[in-house]
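Shared chain: subunit A. Partners: subunit B in the first complex, subunit C in the second.
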Partner chain A sequence: MKKGYPVKLLKETLKFTLSVLVLSVLVFGMSRLAPGDPLYAYYGERVEKMSVVEQEQARARLGLDEPLPGQYVRWFRGAVHGDFGISYQYKTDVKEVIAARIGNTLLLGGLGFFLVFALAPLLGIFCAWREDKAVDRLICRIGTVTSCIPEFWLSLLLLLVFAVWLGWLPSSGAYSVGKEGSLADRAAHLILPLAVVVLGHLWYYAFQVRNRLLEEVRADYVLLARMKGMSGRQVLYRHCMRGVLPSYLSMMALALPHILGGTYVVETVFSYPGIGTLAYESARYQDYNLLMVVSLFTGTLVILCNMAARIVSERIDPRMRARGGVDGGEVRRL
Partner chain B sequence: MDLSHCNAAPGREFFFGTDALGRDIFSMIWHGGRISLLVGVLATAISTVLAVLVGSASGCAPAWADGVLMRLTELVLSVPGLLLTVFLQAVLGGTDAFCLSVVIGLTGWMSMAKVVRTEVLQLKNTDYVLAARCLGGGFFHVLFRHMVPNFVPSVLFMAVMNVRNAIVAEATLSFMGLGLPVETVSWGSMLSLSQDALLTRSWWTILIPGVFLAGTLLCLTNLGDYMRKSASKRHSNLK
Partner chain C sequence: MDLLQVKDLSVSFCRPEGEKEALKNVSFSLRKGEVLAVMGEAGCGKSVLCKSILKLLPDIAVVRTGHIYVKGEEITGYSDKQMQKLRGSFFSAVFQNPMTALNPCMSVGEQIVEAVRLRHPQLSRGERRQKTEELMELVGLDHPKERVGQYPFQLSGGMAQRCVIAIALAAEPEVLFADEATTALDVTVQAQILELFLELRKRMGMSIVLITHNPGVAAQTANRVALMRGGELYRIGDVEEMFEEGISCEIT
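Entry: the complex of A and B
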């Protein structure tokens, strides 16, 4: 590290701001250039009965008659002041619409992420320790099968078995009407979606940990440690895990937006009131302001997590810093 | 289409039963499989070509161009996939299998491009590439004779996985009503009727297309794993 810490921090912040800015321009342009009339989102089927003059008036009121750059500047001015406009479909402030739902998504995605984060290394170590034994093979087989099942179909299957046939668990929503405060009711609604999120992602990461560990186990330092008299278990936990940890942490940083994105499909199947259903609706019905905020939320998350992944792996593994980043910095010859 | 036999359970007349529109699931499975596989392969072909082009261009280009290309890739990666799909679909303006493959192909090349770039960056610093350059080998000669054969295995593995992802994407999109319409029979669009099937308890409309879908995906995964495993086998030092 030749440069000082503040310089680096400034550079990262600048990069982040620039990325978010370009992202907002991109999403803005894309959503407006796509065909479809946002008036439908606002007025529904009534649009067809409105006269041309009325439609023009409605457009002017919503600020949709300006040229695109003008619209963007106006949106941007509002956005930096914390005003993201109103949702055409819900006719209230976008922030209110999102605030009512973001808790549900964060609960589902966050809990799912935490479970995957905690269980994947355990399962990975368990399998690596018993490499090519019957248990390992069995778990690998089951894992491959579960990772092959599309999430939406797994949701349907679980719904069919637990909600329709057995009738144990509720089939949709985040809580029953009239029981908003009840914790048990919440949990009952959360079990199936959470199961899908965890099952859909767990094996991929556990398998990565297992494979990295198996590579690590073949290194020469393991032989040395064994000769010093350490037990295999000690070597595995003290040395091999340390080698795997940086790549695991950066992998998990990249997994966060992936798992949150995965909840979107699950939310739609379970009609779970979260950001996912919002994203789907707003993209489908040209609810511009809502779409912008939802997209910026996910996009920012992706950018932040990418940065976190890079920084984490540089912090933990000094070799990365010496080489100047995860990739790049190689000598260029060709 | 036979409305007098809608939602019939599997039996002697209809091996896999019929769906809510009175269509025989047994024949739709075979017919729909063609579309699902076609979308998978076509989308992968598009995304693979794009990924290899962007990846190797970025790997061989001067540092600033490489930076721009990679930032661009990351940017596309951070636009929500759903929005990108809806947008591309609206631009292409069609809902047939071909358009859907293009959409899925255009949204699925980014991670593969990164892998190709990393491979190219590593390869071009090897001694044999230097030697080939010293012997007077031109850029394209080095690229095709020395580099492509080296990154083909990892690209092949990713391509097989991409076929899998494309099939899942098609099924998920069709299921959500964003992909193929109900009239175009594929495994995904067959499952789009499953919300109603949950209410009428006709389990076969949900179970059977899904089993075929998951089975196909499992086969593709095994194929990919085999390709990856045949690359390296060494002995454990732990025990």
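Entry: the complex of A and C
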């Protein structure tokens, strides 16, 4: 706070750039050290019929013959100018491949995140209000089970029940062929993946809210607030929620990439054309350029959300604010 | 008529491992304008007594027998909603640890304003604010205009306790429970707070139930003293005669 806004902004930007840079080096190095041949992504089965000389030529054309650091520098130069190369698998600009799919992922992940964000406090407050009553216990049990079921398995289970047995909902894709413009059709395709995303994450956050609230409810200040003549409900909303809100908001900022990342698995199971299926395919077929962009996109989101979480909790909690935030202000050693 | 009367009050804590009696047939009455000190060792039921009158006990506590009267009207069976009208107008309380009694995430001004608003819903925003500043001055908080924006962690223990007392006084209570209100404070601040209690009693005419395990505090401020041991209130009397008989060695 005291250091002034511009300095702080500069510091944050620097941190952000550095993190993304490190991330890009890591992803670049690791994807290339993984076994597999990217030529297969480009030429498919034809690679096997190529002579060694032809393979070498193809490699040189794709710029895969240089040593790794040289490749990275070339990639980096292009990326700075907005050129991320072509996708070996789709044989077009990576940006185009992503642009065609990102909307679907943002819709699924965004909607999922919004639902979790809105429902978790409601469920948490309800359970805290009915603490240790039958309803609370039942919800706690069910929630623990649903949040522990792996997403891919839950997806398959729901597919089996609602798409195969009952036939109520479509089993895959984001829309039926020929009905691209129909909103109802899109919604029908979204229900199952969305249900998995929400069911997989909701309880974890609701449970956090419930437990944080119960801690607050047991705090001494509740007695004083009750002595003012407030009802239990008023104290819960006006006093206890105030203590829970900062940690909830920063938790949810961290949850954004988590939930969005969770959609990747769900997308793959439902063959939903989003970034998630792309991430999976690009890793599988050594489609380096595509993998780089998908990873950097996800990673940037994680870094941004982390920063947002920190800033949010600094701004809301007066104790953090007075100390000048996490970095800065007084330091106390143990 | 007595302001507050408790007759044969028994309270038990029901835990899965068994029932434990916390209060056994406690009876006493409180007169208008007097300071009654309730003394006894830790765990003898002083706080339970105060919380069972205010009906702020946890769910596991059950009132087994007894009656509580406020100005002759029985409140033993009052619902929480009915009690809300008494709390914050007839009753008020100050608790032991001022640093935890205040909500750490709310400015002290906000917390006092809230108490004022609950007592006088008809007041305008400005009037509430003014009343808050008056209360802060009354309890000896200097520069109230700057202090309203401060948070509990920015205050010392004594200052925080003054804020708690300001909140208690916002209710303009007829009975104030001070549950170990000075225990967490050092001797000088303790003396200041006790003096403040006496002065406020004189000015506002309220009765005070002073829960303490410090005989000095009781001797200094109380008109009458009640002694508790193991959930029983076994003696009650005027402060002079009790101390003449040497109760201090009995409880400490």
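Just so we're on the same page, the second predicted complex is superposed on the first by the 320 of 334 C-alpha atoms of A that agree within 3 Å, B and C clash if a C-alpha of one lies under 4 Å from a C-alpha of the other, contacts with A are read in each partner's own complex, and residues count from 1 in each chain.
Definition applied: contacts are C-beta pairs under 8 Å (C-beta built on N, C-alpha and C of every residue); 3 or more make two chains touch, one makes a residue touch a chain.
This one's a predicted model, so the numbers in the text were calculated from it and none came from an experiment.
Enquirer: In the superposed arrangement, which partner chain does A:242 touch: subunit B (first), subunit C (second), both, or neither?
Expert: Second partner only.
Enquirer: Looking at the overlay, what does A:68 touch: subunit B (first), subunit C (second), both, or neither?
Expert: In the superposition, A:68 contacts neither subunit B nor subunit C.
Enquirer: For the overlaid complexes, name the partner, subunit B or subunit C, with more touching residues on subunit A.
Expert: In the superposed model, B touches more residues of subunit A.
Enquirer: Have a look at where A:217 lands relative to subunit B and subunit C in the superposition and call it first, second, both or neither.
Expert: first
Enquirer: With both complexes overlaid on chain A, does A:294 touch subunit B (first), subunit C (second), both or neither?
Expert: first
Enquirer: Tell me the contact category for A:232 with respect to subunit B and subunit C: first, second, both or neither.
Expert: Once the two structures are laid over each other on A, A:232 reaches both partners.
Enquirer: Touching subunit B in one complex and subunit C in the other: list those residues of subunit A.
Expert: On subunit A, the overlap between the subunit B and subunit C contacts is residues 219-220, 223, 226, 232.
Enquirer: Can you list the residues on subunit A that touch subunit B in the complex?
Expert: 19, 22-23, 26-27, 30-31, 33-36, 131, 144-145, 147-153, 156-157, 159-160, 163-165, 171, 214, 217-220, 222-223, 226, 232, 235-236, 261, 264-265, 268, 279-280, 283-284, 291, 294-295, 298-299, 302-303, 306, 327-328, 330-334
Enquirer: Considering only the defined contacts, which subunit C positions touch subunit A in the complex?
Expert: Spelled out, the residues of subunit C in touch with subunit A are 54, 56, 80-81, 84-85, 87-89, 91-93, 95, 97, 100-107, 114-115, 118-119, 151, 153-154, 164, 167-168, 170-171.
Enquirer: In the complex formed with subunit A, which residues of subunit B make contact?
Expert: The contact residues of subunit B facing subunit A are 60, 62-63, 66, 71, 74-75, 77-84, 86-87, 90-91, 93, 117-118, 121-122, 124-125, 129-130, 133, 139, 142, 164, 168, 171-172, 175-176, 178, 191, 194, 198, 201, 203, 206-207, 210, 213-214, 217-218, 221-222, 225, 234-239.
Enquirer: Which stretch or stretches of subunit A touch subunit C in the complex?
Expert: It is residues 219-221, 223-232, 238-239, 242-243, 246, 317-319, 322 of subunit A that touch subunit C.
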